[in-house]
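Listed next: structures, encoded as structure tokens.
You will see two complexes here that share chain A, one where it goes with chain B and one where it goes with chain C.
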Partner chain A sequence: MKTSTRFLTSCCAAAVMGVHATSLSAADLEFYFPVGVNAPAVDTIQALTDTWAALNPQHTVEAVYAGNYEETTTKALTAANAGQPPQVAVLLSIDLFTLIEEDVVVPISDIAHTPEDQEWIDGFYDGFMKDAEFEGKTYAIPFQRSTPVYYYNKDAFRAAGLDPEAPPTTWDEMIEMGKALTVKDSNGNVSQWGTRIPTLGLGGAWLFGGLVVSKGDVLTTQTGVEARIDTPATIASLEFLLELSEQGVMAPGGISWGDTPKAFLEGQTASMWTSTGNLSFVEENATFDWGVGFLPGGDGPGAPIGGGNFYIFSDTTDEEREAALDFIKFMTSPENAAIWSIATGYVAPRADAWETPEMKAYSERLPQALVALDQLQYAEREFATFQRAKVTQHLVDAIESVVTGNAEPAEALRAAQEGADAVLGEYK
Partner chain B sequence: MKKGMNKILWSTLGLLLAAVWGLPFLYSVWTAFHDEIYSANFVLNAPLTLENFFEAWRAAPFALYFLNTLILITIVLIANLVLCTLVAYAFVRYRFRWSGILFALIMVQLLVSPEILIVENYLTLSRIGMIDTILGISLPYLTSAFGIFLLRQTFMTVPVSLDEAAQIEGAGAWRVLWNIYVPLAKPIYLAYALVSISFHWNNFLWPLIVTNSPEVRPVTVGLSVFATVESGVEWSLVNAATLMTTAPLIIAFIIFQRQFVANFMRAGIK
Partner chain C sequence: MNKRLPFGLAMVLLFVPCLLLVAFTHYPALRALLNSFWNNASSRRPSKFVGVENYQTLLEDDRLAQIMLNSTLYALGTIPLAIGLAIGMALLVNARLPGTSLMRLSFFMPTMLPMIAVANIWLFFYAPGIGLASQILGVFGLPPINFLGSTETSLVSMMFVAVWKEAGLFMIFYLAALQAVPENLKDAARLEGASATRIFFNIVLPLLRPTTIFVAVNALINAFRLVDHVIVMTRGGPNNSSALLLYYIYEVTFSQRDFAYGATLTVLMVCLLGVLAAVQFWVLNRKAHYQ
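Showing the complex of A and B:
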């Protein structure tokens, strides 16, 4: 029932807009998409795709679920290598350099070249466009973008005598308040930690990017050939992670990404750093009063941005490209971006989406969603270079070896820098 | 006395190993039948629910996926049994030029991991227009180096005198294969079928990549919808879906358990 109402809304909304009655010649589109959040995502994408097809009877479109991000990229690259790429796909923003190196995508700014098109591209938040551009061209359009925020248990704040409306904003406050929030049982075992920042795997590296941004630096730039792993900002960030556990605010050892929301919901931690993609999951399952704040920062606010963008593949006809562009415009139109954002928790990528009545109602019901939007101006691109998988692994290894107590920050980061430079050397 | 102690030690070890093996399974049963809040919270009188199964069933067209998986493993299994038997029989019974090298070539395939071949196989399939078909998924697996090896080794243990006696009685090559070799290798066939079915039941990446439409996709693709790393993982839902998709295998094993064990025993005694 809920889905069909949504579906109807999107039909009406699109019809009112009336921009889709373009007289394009026929094209058959294949659209690969990944799923990274809980269930309704597939249904929502299917409903939106069907609506576009209904509005554009001269075209056909097949929405193909392609696994998680990594599997979707593998599938798209395999198909492209065989000369049968999807016309359009949602892939990780950080896969941009891989896709360019494999020469399988076209810059969207080459297809969208009218002044209206330019205006449309300019309508996306700058933060989301940072990692969609390469050498002055726009290669991707933001769709399912997320950013981490600081989730906290207001009841736990009250119990510790802290103001539930004033979450920590700096690293020092994180430690200070964290000490007050840490609860021990009669045997001296910790029953509730002050905070939980995932440090293992790619999720750990993603959040680490936020720490570095808050110290006024970035891990990578838009050239794709620079990895800034060994800098004063990264050393300070890694030392801060160590300090959290040394001060007894965060559990020692590595912390996994996947278990974190669970630990928060079960009260094992009073706060956590994780993606806005969890908003609806936490809303559904939390048995306590909870809030969301900016990620506390070193010298100021800072966060990484992640998620997926639309790409158009290069082995396609002009008609297919035009149709693909129209499809992307439809999917990111204010009404549809709102539907998608509300269904999944992804941050709607355009200011006009937040102006829609649905989105206004949503942010009134769940004001926590607005925090991520406000934080966006302080957010920077996620770690992305050519040979991303190899280069990121050096960073991941460095963070993991330090938090598990097997290496010193400065030394581990230096080794990671050397490893990354060796990979990137030939691209410079 | 010493024997008694030994027995106790072995039983304890056995129970311990069984617990290590069984705990993850018990955990998935627990979470599948309880609400998400009880997934790490073991309260004995927690209310049981089937809601997870309903929700998991709705998340993807599982009925269709089950049918596809069934068709897929049937094709693969039949093709495997027929082709591997014939190839193994030829290697054992006939002496022909290059047979040693040919067998070595087949063995080399065991060293090649199937993932490396995905791009090449995709290319081949797309050239012959078999992308997005169940036959296309099964094509690279229709014969198996492992199956050929296994059956060849088994056929070699069949006494030559049996074969010769049958020939004297006037049996042709087909008759000998069907009446002598195949019945004697029955336990091996069962064991191989078990391994093959569970492998193809679980295969994920290849079917995901060569298929686009729900009409041809297997259950593993449906299962992957629940691996939502970006938001929190709902263990109760994931485990309900996992139990649901593995249930046919588990039930089949329980039903055929006696035959399996008996056959393995017989194979072992020989």
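Showing the complex of A and C:
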């Protein structure tokens, strides 16, 4: 009943509008999306979705806020296994291998095969496309992509006698400047730490990837079956994290991802490593002068890329796929990518989005936003393999056991490598 | 008045609850048992019967060993503490002191909040440097403690939240039981010159035993059943120091999507709970005094 009413409405709409008289027949889309930042993301997504629906009255689309990234992936996979997948969803870029293994997504390059489509796909930054491709096909379209940057409190830099326009660029400078930035109260307790790099959980593993890239290595490759957990670069990275707390620059023990922006805003730390997804949150709440720089690196700049991509599910009709593709094109168009980026702090994934007047005004008002874009050329894919959750857990355990003082870096990483190899063995 | 139910109607009335029981309890349990003998199939790995292979993995799983230890400590720590605290609070609010109803309300308040909300509140309390706990420590000139970020304190921090949340509920049961203790027994004891402590240990406490059995079984079930705070606060970390068995089942099944091993862990948990409940009833029932 509902479908037929919708069909009637869309026929009428198509007839009335004329413009759409030649367009494809109607499709009802369901669109799952997660929210992973402190920003009014749901409202922005809903507004963009409503605009697309108004422009395409022959189709309908229902935007479903499905929780955080992990919950959204679980919901989408459960729905797909039950034969009722969403047609389109924003899921973690690193879930690519899981989605392929479960055989629930269709390569976007199989749907978008005209030369114009190819040109559109080529318009995205290469850094964001690295983890959207597998075996020569493009499976995903970048949407809410982020990369971590070094946020610092310029007032604290001034108070410590440091140049507020010259944040640290190397690990050594981070320790040196961190010592100057660390402030103790009359009881000898630290009231302001020099820096704060989250080390716990998946957030910790994500940032750890950036440390490794800056030492000239990567944690994973595009094959999805290789985990490079026990290498000289990873050992050096983990030793650096330990050194930060041994030198009294960073709080000892595990550091949580969630408390970090708050600790920075409350002045508990003079600098922090966190996602660009927190840019608008910090901008709104900071009561001091703050700046953003590249992540200080071991041998040079280096950062991980994270965030979510659009996927189209395979259990869909041709009409639904075409409509989903059109929806994705709309959401990532320069104007809409700019709206999305300004509302959240995510890095707009296409060069043409940065050319829009809105985006130019935004980067003038908030030049910090440009830092992430400039850092992109030094960024590498986030840790992703088949059986990602299982393999990443080995890395997470290794990092956590070392920062909490329960293991030595080399030994913990060797154990993690063995665990990861055991899981990936059957895929090679 | 006492007309017999027609056979057909009885069958219909029986059918509905039985259907629910089978659909939501027996079938999933049986299915989990069956799944635990198969591998975790996907498009790249065909489904096959693996016998007891998943159970061998269970024995060799280092994480599971740590998690079983955590769960044991968690149960041993939270159950007696919650029960002790509940009895104490029940005695306090039963003593007809001024402000009793306000006290009852404040003791019961944590129970009414959903666990997710409780966990988020405590996340703020525990935040090193900025949280309430750190600020209280700061007043005494003590350094902040990284409650959730170190392996020594994370599990204890979880236990504290659970006790805080649960003691209020158990207090209600004890309060009801206390009010059912006959006054004449206490009066008789007083006539014989028994002290208040003596009355509590020799008269009140034995009469509370059925309540204690009920509360202990519930506390045990909750110790395994409630993991929302772990998910919100630590996700089992750091280094698995606050992971509990049900959280591990959740992670393996829905995050790692290893349904076969998840089913194996579920079988382990069901067996464990069954044995514990049986032992508990057997031991405590022998000594219980039902009126």
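Heads up, the rule we're going with is that the second predicted complex is superposed on the first by the 405 of 428 C-alpha atoms of A that agree within 3 Å, B and C clash if a C-alpha of one lies under 4 Å from a C-alpha of the other, contacts with A are read in each partner's own complex, and residues count from 1 in each chain.
FYI, a contact is a pair of C-beta atoms (placed from the backbone, for glycine too) under 8 Å apart; a residue touches a chain by one contact, two chains touch by 3 or more.
Remember, it's a predicted structure, so these values are computed and weren't measured experimentally.
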item	value
Which superposed partner A:K262 touches (first chain B, second chain C, both, neither)	both
First (chain B), second (chain C), both or neither touched by A:G210	neither
First (chain B), second (chain C), both or neither touched by A:V64	first
Touching partner for A:F281 - first (chain B), second (chain C), both, neither	first
First (chain B), second (chain C), both or neither touched by A:Q387	second
Which of chain B and chain C A:V42 touches, first, second, both or neither	first
Chain B versus chain C as contact partner of A:T74, first or second or both or neither	both
First, second, both or neither for A:G83, with chain B first and chain C second	first
Partner chain in contact with A:G127 - chain B first, chain C second, else both or neither	neither
Touching both chain C and chain B, counted on chain A across the two superposed complexes	74, 258, 262, 266
Touch list for chain B against partner chain A, complex	36-37, 39-41, 55, 59-60, 118-119, 122-123, 126, 131, 205, 208-209, 212-213, 221, 224-235, 237
Interfacial residue positions of chain A with respect to chain C in the complex	70, 74, 77, 98, 101-103, 187, 189-190, 200-201, 251-256, 258-259, 262-263, 266, 268, 386-387, 389-390, 393, 396-397, 400-401, 403-406, 426-427
Residue ranges of chain C in contact with chain A within the complex	42-45, 63, 123, 127-130, 138, 141-144, 146, 148-151, 234-235, 237-241, 251, 254-258
Chain B contact footprint on chain A (complex, rising order)	30, 35-39, 42, 62, 64-68, 71, 74-75, 78-79, 81-84, 146, 203, 257-258, 260-262, 265-266, 275, 277-278, 280-282, 285, 287, 345
